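A, B, C and D label the chains in the order they appear, each numbered from 1.
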């Protein structure tokens, strides 16, 4: 009796499974080619369970809603679709294929981490879909764009600085603050083994020493899977440097927490991606006080220009769960989509690709501290308005094709690597209580040492 | 050198605690529960949720973590493992998938960000010139207390003796009036509780991330195989072998190779003496 | 009513029938022997009484029907079992082995332990030794002792003399006599007919799963079939 | 011969004409999925040859796949990391990759087949983890370290050529392994799975049979591995040695029906498709959760997999047929 029941169950399961496989196939067959009046499709790819992924996912939605509300692109609305890459390179490839072939999207916004982006780069070359990569700064991606420009690499844009340019920013910071102001001359380079960590470390190693007269006593590289940092810090302490230059993007909270828990008696500076997240305080279990990090410009703690402030307001009104505040890639995705859409408007769409890329490469956008999108050169530099944010992409003849131009001279106003610091006590439970300590022009809070750094380590000129 | 000794001893204590629950289940039921490290991960999150997010006292956090992991272990056993005790492959594969399910659920609940659990005991101590966090010392003391309690339980109580009896001779145990199902269930519950304690300490020693179970699982594998599957004494010894080797590797060679020496020893032991150093 | 009543007992191993319509009774305080060749079903019969096989028919012990009871419940009712080759816990010491036997009879541990050590002084000497290091005779004694620790009213002994030297057998025989004096009912399953005849009040011959003959030792000794087959006369 | 291959021929014919419908609106995304499915099917069958047939459950199959993939990727990488700065053509690197899988397998995996059951699973998992660590830590400037090697040359470009390539590979593997599993060798292997000691006792040297099964498995894994790597055109350690890939392979084989070749093949396609079809309906992690739940339910309630279900269905129909012939209803 029971056996027969099982058999019937078997038949039922088989039928359901067969239907499950056949029905979508049939559905796929009936869907024809998109008619001209159909909306544009914007695909989002990224890890939807991470803060990084969600920041750009949400600001992408905001940007598209705004564009649609303003009448869309060339009279057509933009439809938003998404695919989760779950931080797995293979899933990333599948997700990219899904967007390209199932949805036939017109352009893609990505919030993928380095190795996921590198995983789908070959697919980008194949499909040649305009893609905006808002998180990774891997120089390998840029190299592919540069080397295979005509093969399809030109469809790729990176609305922020690449590894090497970021490294240059940190060198400037080391010059200004660490060497000139603090008078330190030895350091340990401490970085995680990711495309980002190694890329920046390479730059810092080659440039900081000669550039700022700081001697690198040693290098400590750790795996992103590392969970026990006691031995790592023991190695660092053994070098006895003036300060630690720390570079991390994926596994940031654990080394930071270990630093606080172990009360390492050496000041720590560098790039800490997690520290620019508004959740840093909670993720650290309330031990974030005094922590500082060098960040690409749009970061918490900064005073905002009206465009970014409007974005933040919309973001906060719409989402209250984690991340409560967009990461810098959220701002970049938002601006980047505008660049793509404006370029498409000028080029009459995303096809042909060449024309769109030409227009996109002409992007030259300045966000003013008190102004808006429009160029208001008359107000600057004598007026009260100052240049706040600056977007422009390197062309095909530059080595860093299609990543954002680094403006180190300050001519366009972009801050040269901002250093933010968490205050020792969290003041507002919802707001990040951080301030900018460097560079001088943007400083809005005083730099403090964490309490356990001994006096002799606090040398200042 | 002192560094290796101290760090190694501390790490080994935690490893022993995780591997202990793992080996007990194999000893009594002859199945490998790959979800064990998953319980460790979930317990860590439960503790974090209770103490940091809900603001409950530490004791309550411990109780919740232990309750959750024990519940998961008992649920796994009663849910399906009980029916497949004679088919280790199914238990093997299904518990592995279950660990993955736990990871997905935790990702949905807490996201895939690294979370730091506030230390249970704050501060640092200098031991023989090496900095050691008080939290880790507390964790290791607690581990040893748990290990001691388990050893006492297994040796000196009726239930503990029944567990050992069942592991050695099932038929002999049954005719002595032991209900194997009940003993198995108790073993799973104890193993779950150990995973709970281990989870809190492991979480506060390292950090929380939903994929936290993979490394402890692989290390417990190596430990129980080296020590001899099912042998508690062997597990203790092997945990120290692996712990010291790992610390030495990290400090002297390369941080990224931390799991390699343990695994190499495991392979050598398996091929040369498949029953493990203390196995029977 | 008999203390243990077995009626029309049938048991299977997979599809092979191991016991066919076995019936016998045991009186309280009595000692019976089941004799028969290897593979006749003696162990299956004892396993069925303790609840280890899936059987049909009727087994009534002390007024309780044992059908579908778990071994645990049956042990709790007061049946102890010393199986063939002991099924000892080899990596535990002797005392722990005995204590496992007391799993369900915890309140009488001290009393029973004292009695076991009195009956089997050898075990007291070796109580800290691992079971795997014991000799064959000591193992058999330990198995007996462990069964006694369950505080039984009925003791099932499976091949207590298997593979033992004559001198050791005589020691086991002494223990058996001591056990009988305590008033415990005993069922012995044995190939060693001489031994069984010396101690049992009543004997049954089990062949190919069926009881073919039964009677007092004197009656059976007279049977030509028995003398021929089992004494080789 | 033709009779025995009837179903295979029908399946091949149907799969071969599918791309002809692309101009008529058949979605290319499905073709892409079938490519992914084919590779997973190859891996699952390879796993099945070794583990499903002999009962030596391998938890380290990505070791073979990843080794093959890394060797070919390393040798054919455009920047020519190898010392003399030459880039070898694919015709050389592909066979070298397969040879690496077979050689590495024979060197490390096969000797561990001395231990059985969970122990073998542990050793194979350990080998996978060790290779993973070594690739990350030793000479990362050659292996690409954590980031791997991106932008590898492709064997063929585009969805449909790749589809035919993977399909040919898949069917060649499937029919080859299917023949072996139906032969006497296959029967001995299944007997080993039931009880190796009994087989040994009956005078058959299980060693040679295990070695044969393992060789077949390694060759298939290597073949699948090299083409898969060049299809994805990038390789990195997190993907090559991930628990996800390992689990996909095992689950495909288990839910398809272990030891049947056809079952794991179907399991590979099923898994690929269910994951993709859930994508529009379930947000990110929910999709993976749903997939894991389906897998665990299949393992617990249908340990014999789809093959078992198909057999149930067939026998159900047969019973009905017989009954209707007997009683006339």
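Here is the rule we use: a residue touches a chain if its C-beta (ideal position, glycine included) is under 8 Å from a C-beta of that chain, and two chains touch if they have at least 3 such contacts.
What you see is a predicted model, and the numbers here were worked out from it, not measured in a lab.
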Contact-graph separation of subunit A and subunit C, given in steps at minimum: 2
Per-chain CA centroid nearest to the all-protein CA mean: B
Top chain pair, ranked by how many C-beta pairs fall in contact: A-D
Greatest separation from subunit C - chain, by CA centre: A
For subunit B paired with subunit D, centre-to-centre distance based on mean C-alpha positions, whole Å: 32
Whole-Å gap between the CA centroids of subunit B and subunit C: 43
Intercentroid distance (Cα basis), subunit B paired with subunit A, Å: 37
Centroid spacing, where centroids are CA-atom means, of subunit C and subunit D in whole angstrom: 55
Junction residues of subunit A, two or more chains touched: 47, 49, 193, 223
Residues of subunit D touching at least two other chains: 136-137, 285, 288
Pairs of chains satisfying the touch condition: A-B, A-D, B-C, B-D
Residue ranges of subunit A in contact with subunit B within the complex: 47, 49-51, 87, 193, 221-223, 225-228, 230-235, 237, 251-254, 256-257, 261-263, 274, 279, 282-287, 322
In the complex with subunit B, residue positions of subunit D that touch it: 55, 57, 111-112, 114-115, 117-119, 121-123, 125-127, 129-130, 133-134, 136-137, 243, 247, 250-251, 254, 285-286, 288-289, 292-293, 295-296, 299-300, 303
List of subunit B residues in touch with subunit C within their complex: 158, 161-162, 164-165, 168-169, 171-179, 280
Subunit A-facing residues of subunit D, complex: 21, 24-30, 32, 36, 136-137, 140, 145-148, 150-152, 154, 157-159, 232-234, 236, 238-239, 242, 244-245, 270, 273-277, 279, 283-285, 287-288, 302, 306, 308-310, 312-313, 315-316
Residue ranges of subunit A touching subunit D (in the complex, touch as defined): 4, 6-8, 10-11, 13-14, 17, 20-21, 24-25, 28-33, 47-49, 83-84, 86, 88-91, 93-94, 97-98, 101-102, 114-115, 118-119, 121-123, 125-126, 138, 140, 144, 148, 193-195, 198, 223-224
